[in-house]
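What follows are several structures.
The same subunit A turns up in both complexes below, where it pairs with subunit B and then with subunit C.
Now for the complex of A and B:
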């Protein structure tokens, strides 16, 4: 291909990527290095229906001058990344030196919001991703063996969890596992414990969130594998049959190797999605038991005082987290596609 | 300060005795400008917004009433021209609008179109009118008359008495979890701590500074009382916001709870509950904790503002429409019980007694400090650990202080 042809061919996607991927990231990184101006606070008298009180307020004129002098805010470099609500470097160092053994250090670490959120997010990612792949694969195998006329309705039903909006699906499950809900009641009966409450226990809440995660994303893995199953070479399957391979052996030695590249794809997408776990935490009101980095961003932007820089720093940390998680898969893909010499 | 509270209560009482006639209501016909109101969604605000929009004659008039109003109002008023010409806010959320400088002082508009607005409705900050309040709100005890009669106890006036009554209700097998409360981790839980901590006589900040100081004896006392109450609550209390707590009440599972005055109307009407429940639901006064004598509750007002980044014609239209919507003309049989209205002509209804009693008890108004929102968020994020028994009260309070301090440094309130 001529250089000019290549240039014009790639230009539209390059421009779009620059506009919609690179620029927002640059903007977020910039925002995360600037904090709000030092506030000029004055004492004022505040009167209303309940009387007058002495209180403080931001001096708008002085703040306006500061804003005009430095429109971006106060440059703090990595100050926000290292503060207690993010990487908490000082607190971690102090905990390390004051700790009475590793378990003590661990519990101090889990008291810091970032590390606690990371613990949940990583556990969630590494349990939900493989389970999604396995469950999706078995649904695909099952649907593939269903009689022709039943296939349409079965595929539709299997896709439903993905069709339901996450926040709504989460809410439905939230009320089902309520102590007086149908699932919550069934669990109490099974465990023979009338006081059992899923929402009151951190462990059970984590399990519930993960079951929800698998339920919601398994259809994605299913669709991908189902498409892959249509391309399995029937000659190879027949040859295996003639050689006396059982159904399991045919799956193990013919189907799974054939579908393996798809697994890389599903794993890539699911790792990214699961690391950004967010909606179930909102609809399950699970804030007391489980938090994620995405939830922190939501919290920073939804409070009465918006913490823009804090949200930006958490976003950058999320991007770095996703990059680290994906690197093994990406390296593997890169190797597969590099011609061996 | 107390004089103002008495004045407010006095208005209600004076009206009760029939000395004040309903005002005829000034004219309301806005033909120039634009009106677009953003605010929370509950019956009183819906009535106000509807009355304001009714004033529009041939001009663009809209409202966006949603529980997510706080995440939308600053963004929707920052642009120039601003999307919203008015935000209906409470004394906590006006602070964010003032911090971001998106609302205008109303003195000239009050002089031109608001002569009839009584002084107690004007919210002034540093001498400038920044908002017009139209209703008061507070949390107070709501109790089941029949259950208290059954156990033979008086209406509790302190949290200690609530605990004693709860123990007796449980011991007699009437209810397993007789206490309710909006203890959902996040904003609600933080609000309950704010009430309880003020009730112990505590102060949130070192006077005149943004330095937080809650890790003290009062803070521990407040947390210990909250934990003692949770022992009598539904085990899922950390997921119960005001809506879920009200639902528990209407289901007849709860006999005592601290609840918003603006929500008692829903609890006492015939919808959604058995007759045994709604007919025995009574709004009590505010509760106290320990021996400080201060009510463990905060006073709130809801009011309206006018955006800064809009034309003068739009500001005038918005002001006239909302001034009319929050004048005595709003009050009728349907709207009267929706809130503790601050307008002349308000007649207190049984559902309003709790809020009026809280005002009369001299509860503190929710602090209108520029950095209070940061502390509220930090409280909401860090107290659940203590209530679940994962850490000590001192550790939880230390975590709140550390989280607040980091956020306040980022926002420039602390060095």
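Now for the complex of A and C:
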């Protein structure tokens, strides 16, 4: 294909991605180095019959003018990154020197909002991803045993949790585990504790969020594995059977190695998606107990006071996190496409 | 006749069936439960006294006279004007799907047919962009959009969703076009077609399976999105997902959580129908990336 033809064909996509993905990243990085203007304060001397008093007042007009002149705010360099709401370098150093032992240091870290969000995001990512893969794999094995005419409906039902709007899926589970909901009631009955409430407990909230995560993404792993199972070489399985391999050994030594490339694919997609976990936290109204990096950004952006700079700094840190997570995929893609010499 | 390798002893079958049944209940029961519950009053759906209330609905009978009530749906759709949100969602979805498929097919086709190195780099960057959490991009949009008065319009949201969709669309269509033999359009060009004519008359007639599959995923992304729509739209032109979340804020206090339940069921129903009709395409779309990787 000629260069010029290629250029015109990809132009619309390229412009879109440049304007709305590449430039926003630049915009986020810039924004993160500027803080909102401080209010302009004027000191007025009021002289009356009983002497002079000085009062300070906010000059609304000047503040507004300043905001309009420089909408970005004032330049603060890396100031926002190191403040208490982000990397909190001072607090972390202080905690490190004052802590007796690692657990104590850990618990003081958990008092800092950014580290709390990071801790939840990482825990979520690295617990949900493997569980998703395992659950999806076993669903695929089980669906594979089902008689032909039942396969369609089974796959239909299995796809539901994945296709449904994440916010709605989260809400549906949230309503069910509500203290007055059916699952919440069942939990109270099981634990024999009528005051048990998932919403009120940090541990239970985390567990529920992760259960939601697995519920939501297991169908994806299932579909990929199910498709993979259809291409397992039956001759190899039969050969293994003749050699005396048990059922489990056949799965372990024939099926799993066959599915292994799919596992890396599922794992990478899941790592990417779980790292940006966001919607379930909105649905579960869990901000008191669990915040993820994405939710942290959302929290800054929403509401009356939009803390754009703070959100931008968290965004940059999140992007760095994504880059670290993604580096293996990128290296692999690069190798796949590079002609071997 | 099945071979011995695929035959399964009884215990294995039992374990597999039980496991599968448990999974199906976990996957589908929440939807059944909520759909049924959406026709009850709040006192029944959230019943501290007895979970059977949500099924039998004694309070619903006492309050409304019938064992099922459409009060939640009436409240959500008419009183709170959920229909407006539904219209907005329809506009957003139709526009996003059509624009992103138009750009995506052109781009994906070119990427599949170009052997040059920059095509690879193009896809490489698309992959990086695919990994960006949308909310980080949104925090980059807000200030420029406020400054240029672009914030709050449906059209802005549509373009943003198209752009966020583009990397995925490109990758997917790229791999579909790779599977269409290059001889097809090349022979047309030998016969004197230009590249675009070859695309128009030879490729477009055979590309629909891939385009429909990709379109489904674009649709899902636009339909399910919360991060972009909630932060870029005003209250007046909200789509369905942010509207449901806004119900939670206002209705919890009014004791009308049932509006949100009814709205949640309403938003899920089209998805049900969609999976029913397009199950095969969804499955093939999910595996398209995997088989290659």
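Just so we're on the same page, the second predicted complex is superposed on the first by the 270 of 341 C-alpha atoms of A that agree within 3 Å, B and C clash if a C-alpha of one lies under 4 Å from a C-alpha of the other, contacts with A are read in each partner's own complex, and residues count from 1 in each chain.
One rule holds for everything that comes next: a residue touches a chain if its C-beta (ideal position, glycine included) is under 8 Å from a C-beta of that chain, and two chains touch if they have at least 3 such contacts.
Computed from a predicted model, the values in this text were never measured in an experiment.
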item	value
Dominant toucher of subunit A (residue count), subunit B or subunit C	C
Which superposed partner A:228 touches (first subunit B, second subunit C, both, neither)	second
Partner chain(s) touched by A:122 [first = subunit B, second = subunit C, both, neither]	neither
Which superposed partner A:187 touches (first subunit B, second subunit C, both, neither)	neither
First, second, both or neither for A:179, with subunit B first and subunit C second	both
Touching partner for A:294 - first (subunit B), second (subunit C), both, neither	second
Which superposed partner A:99 touches (first subunit B, second subunit C, both, neither)	neither
Partner chain in contact with A:285 - subunit B first, subunit C second, else both or neither	both
Contacts of A:38 with subunit B and subunit C, given as first, second, both or neither	first
First (subunit B), second (subunit C), both or neither touched by A:305	first
On subunit A, positions contacted by subunit B and by subunit C	178-179, 285, 301-302, 306
Contacting residues of subunit C [partner subunit A, same complex]	3-6, 8-9, 12-13, 16-17, 19-20, 23-24, 26-28, 30-31, 33-34, 45-48, 51, 54, 102-104, 106-107, 109-111, 113-116, 119-120, 122, 124-144, 146-147, 159-160, 162-164, 166-167, 170, 195-196, 220, 223-224, 226-227, 230-231, 241, 244-245, 248, 257, 260-261, 264, 267-268, 271-272, 274-276, 279, 282-283, 286-287, 289-291, 293
For the subunit A and subunit C complex, residues of the former touching the latter	1-3, 5-6, 9-10, 12-14, 16-17, 19-28, 31, 71-72, 135, 138-139, 141-143, 145-146, 152, 154-161, 163-169, 171-173, 175-176, 178-182, 185-186, 215, 219-220, 223-224, 226-228, 234, 237-238, 241, 247, 250, 261-262, 264-266, 269, 272, 275-276, 278-279, 282, 285, 293-294, 297-298, 300-302, 306, 308, 311-312, 314-316, 318-319, 322, 325-326, 329-330, 333-334, 337
Residue ranges of subunit B in contact with subunit A within the complex	1-5, 8, 70-71, 74, 91-93, 95-96, 98-99, 101, 120-127, 133, 136, 184-186, 208, 210, 234-239, 241, 299, 301, 342, 359, 365, 367-371, 373-374, 376-377, 381, 384-385, 388, 391, 395, 399, 402-403, 405-407, 409-413, 415
Subunit A residues within the subunit B interface of the complex	35-39, 41-53, 55-58, 60, 63-64, 74, 80, 83-85, 91, 111, 113, 178-179, 195, 197, 199-200, 202, 284-289, 299, 301-307, 309-310
